[in-house]
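The structure appears below as structure tokens.
As written, the chain order gives the labels A, B, C and D, with residue 1 at the start of each chain.
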């Protein structure tokens, strides 16, 4: 890394200068192209998708039914194998309780902590996966690193297509004095299904996770707009820089393996179609979206948002939101048409148009688009009356 | 470009550092001059103007009558040949519908989408141009690149003085697999009237547009204060840098042609007389103003603002505003006197005074004025009680 | 100037990076000292002051009576020779009219424009000066460069001690095609009283004004918190940088003359005792205060604030404020004690304490104190509940 | 210091670029670890603590009873030997008066000035210390440098364990013309108990204070969120930089003494568990917390906050806050569990988790964690609905 990327905050103590997605933007600099000639297709392992979308494994936006709808719209829905749908035979009353509590604003974190006390029932994992498989879409569930060995077998037995091993921060080397930690490399080598793993925060952790044999690495530490990881833990991962670093790791790993391409999936505060375009422009292959899907009519929590980390029993690290929307169907949110101009609907139609306006045909080419730092952003004063 | 203009956002991924107009300001650094000795005159091709003003082709502020008033005040009014005045024989009821919808705030984008569904009627283009010509002012209409070949003939036949080919982002090389794209260079070569074309976002696109034979190039991507292009498409063009880059392209093109001077017209979030002065100081020859004219009594939409991009049927990229004003006549807005001190009236009288306070006689000289980055801006807290 | 002080905003177009007072702060870095051992004394020409204070020549805060009170507290009151006190025999009704208009907020700029239409009466200049002289304080009046030759004689004849020639931006070389401009150097050479002149915005204009023979140069363009010079004219002078530049001009002029020391007086948005300390730390010899005095019980406009530039007939460049205060007597505002902790009272007692906490005995030494850029400022969120 | 750490604010006038805690953040970059394997233990001199916490000597949060509770939770409570508990035999009515005054918001500074007019009674110092000693916790009281020689003997006689000599800014060399100043080095050499001294603002003052023989140096000038030191005095100490500088002084002093390790205790606007983690990551050995403890049920002022500097008779430099909370018991605030996700409870449980997520076992190792500048912070818009 060149000298200008580090700052000496005090004598001999250095910090890296990182950039978040909203500091970076795209600047058109060459030809333009018809939007009809542009493709947003994405393929990971043997699975093809019309749009580069992986959902967050959040109960707020993903039920088996929503995962199916996402799949039908061209993306990959990820159900949380440690969430409400595997803790409760019928999560309906739990969602109603949360919605009732949200009638006067955001539901309290303490209520979340309470409903997630119910233990996970491995048999429900298989049941949910079969429900999604029966609809003919590509299926994926998320397990945490801590519970992977315990819960993954049920998912695999039910024929899940992709396994997502995701925690806030996942390293290829977890140290413990309490029994054996999950050996990711061994675990993945023994599996028949491709694994997506993360989050990772920089070049080194991304490269190490790639070396475990994963098909995709999630970059970012789940810092959506309601995350409080910075206030609670002092941890912050400027996402544009993290994506670009992980893309560098992808190139280096491709070289060291003579051709294994591991996908970089960006996760964290990607709220608009503009942010999706920026994440891909910085080098991501796909984006993981959660809160931005809560405005869809199909969102199971009726517009409330929380990340699973907000339910931590001793140290919750995320907020909950009051219900919003619905603004339109999931298809409208993902594929348009938009009837508002705030960048929250027609998320991937907008991406195609950005590619057209900058002259790129496919996502891999688009990762080379020119970037600019500085200038007005969407959140600046005077943007909307 | 020197090394300090780029930032390494992540390993081997670079972004340019760009500046917006409100980051840059003018600093007096030499003599002063009497304001009466200063000229704000501007000439493009054979057309002379008292003030360096081109209007946005927005239906919110430009009717044939307003275009005439702008011409009489010394500027160039541009009517949208694909706007309400060419879609409707009598746009009066449409304006009333929008104003009624705006009685409780900004009119909804969906209503805009609706009123712009009416097809353009080429015969109305000629009718509107003749109305403006009859008043004795220089006439100009805007067509989009997509419809130039279809609509320009009607404008030319009606004797338009200047043709403005304007889209959000226009390149000299548009690629399509659906029939032939407009060949700008060929099209302009065949024309008898001068063409202004844009928007362009950087040195390369500006230079390429200059090489098409245009008399003027619009710099900026239409990012007024209500634009949501950054949220929707992730595209942002820091205007001060884009203007300075285009001015460099102007110098290089002047050199490569041995003397063809192509005018740089700045477009985007120029809301105050201070911003006009900054745009010219960065190297622009003229400014394209839209939203700042909506406070004039002559604005046809009664103080509502929208850009045509806000009416896009599938992907609107701009907001609409609740009505404001009127604050004064168009002449007061452009030439004063001002009875408020917010920089929104006497726009070009203020420019003359800035030139006087910094000692410059004409606009071309003024492009060399000293600039400063940093310090308080007009929008900072405590500015106005 | 070193390379790192300039920014390339676009190809071959450079801007200086300037700093405002609130970006800079003082950092204690060596010994401490008893506050009783510290002196805030200031001397310009033969005149000695207990505190380094020159008032703005604003009718909002300076009447002959207030000027006397300022003098008695140790500072220099400057009456505007082109203000209400020389336009009206009895300005009382005018002040009342402004206060009445301010009962519902800030008085309108149009009303200011109206009351300043009344012509200046030279005989009143003499009368006001004599009133101040009779009280035994050092006297000073301000004239504009345009009217210096017409109005200064009346002031000189009445025995004024110091003449302040002040406009927003004053250059040593004013160019006009309408008769002769004021030749400052000639004019000052012919005078018996010392002259303070300004505002200047950078090294060059400050140095040129020093060479006119002035005893003091005002640095800054009158940009108080209500100034709209940036919005109206696009002109901005980051004050910390301007002061430091003028201090460099002072050193160079001292060298070129073999010992003439011209005082640098900082003007613009100095609202708190912290800002006073910062201005002096950047190199100023004294500060010119206006709006910060309006909270004194003696302020003639009862807590309303306007700068004379807000009354410009065609292009007002400043706002007016609703009335505030009074918070205490002028003596409390200047010398304490303070009963609030917002930095708006005990302005110069606080300065003495800052000098003590950083170990300096007098103002000249204090100009070397260590500075820091960055960190929390007083206006940051969470500062005061 | 390298060139890039200084900024030329004007010709030949330089300022250091400093960073505040919220500009810096932690980025996970290697292994992860079980939270149960992490230790937050801290030891200074012979005293061991479970958590690296020293309280501010503020009457708002520390009574003898609270100091005991802090000690029982694993930290060090510091009672102000010049505060309400040594001015009043029974401070109860004073607290009630402040709480009554705060029923409509923050209590006025003038009331604080009033209640602190009561003289300190040395005999009460001993009484309070004995009360804390009897509870079996490590005891500490704070004296100001001005009153150390007068008041310290009473504290020592009562058997205090640690003496905290703390003022806003304390130097190793205080200059006075009024009798003898405290000679810190001599004073400390003669003592049997370890001394913590501060605040210091940079490398030099920290190093000089280390050379006095102190066991710990407080870094920062008491700039909590209600501090107005910047507005009143123009003094600002970006804390991340100050901590890193003091850590460098600690290393250099360790080297020059061949092994004396002086602890760096960070003080100023540490409001969340995230800020605690950042302070330690920048190099601090412990943190001094005040305002963040006011939400504990045990806070003697019932959730009101003020720093002693807010009570200064002539120049108060801090605000007071309206009452908040209580949010939980002191133990919950310090050790959890948290039922909210704002980083204000379970302060040190969160620290342990940050250490685990970044793979460190103890606080000394954790001082090497990777840092990042930039990116979203907790206070950014959209963080919490």
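Throughout what follows, a residue touches a chain if its C-beta (ideal position, glycine included) is under 8 Å from a C-beta of that chain, and two chains touch if they have at least 3 such contacts.
Protein identities per chain, from UniProt: A, B, C, D = IMP dehydrogenase.
Remember, predicted model here, so these are calculated numbers, not experimental data.
Most remote chain with respect to subunit D (IMP dehydrogenase), judged by CA-atom centres, is B.
Here the spacing of subunit B (IMP dehydrogenase) and subunit D (IMP dehydrogenase), counted between their Cα centres, is 55 Å. Chain centres here are Cα averages; for subunit A (IMP dehydrogenase) and subunit D (IMP dehydrogenase) they lie 39 Å apart.
Contact of a single residue of subunit A (IMP dehydrogenase) with at least two other chains is seen at positions 19, 241.
Every pair of chains in contact is given here: A-B, A-D, B-C, C-D. Within the complex formed with subunit C (IMP dehydrogenase), the subunit D (IMP dehydrogenase) residues making contact are 7-20, 23, 105-106, 108-110, 113, 168-171, 173-178, 201-202, 204-205, 221, 223, 225-239, 241, 269, 271, 310, 313-319, 321-322, 379. Only residues 1-2, 4-5, 19, 24-34, 36-37, 203, 240-248, 272-278, 281-283, 336-343, 346, 349-350, 353-354, 357-359, 370-378, 381-385 of subunit B (IMP dehydrogenase) touch subunit C (IMP dehydrogenase) when the two sit together in their complex.
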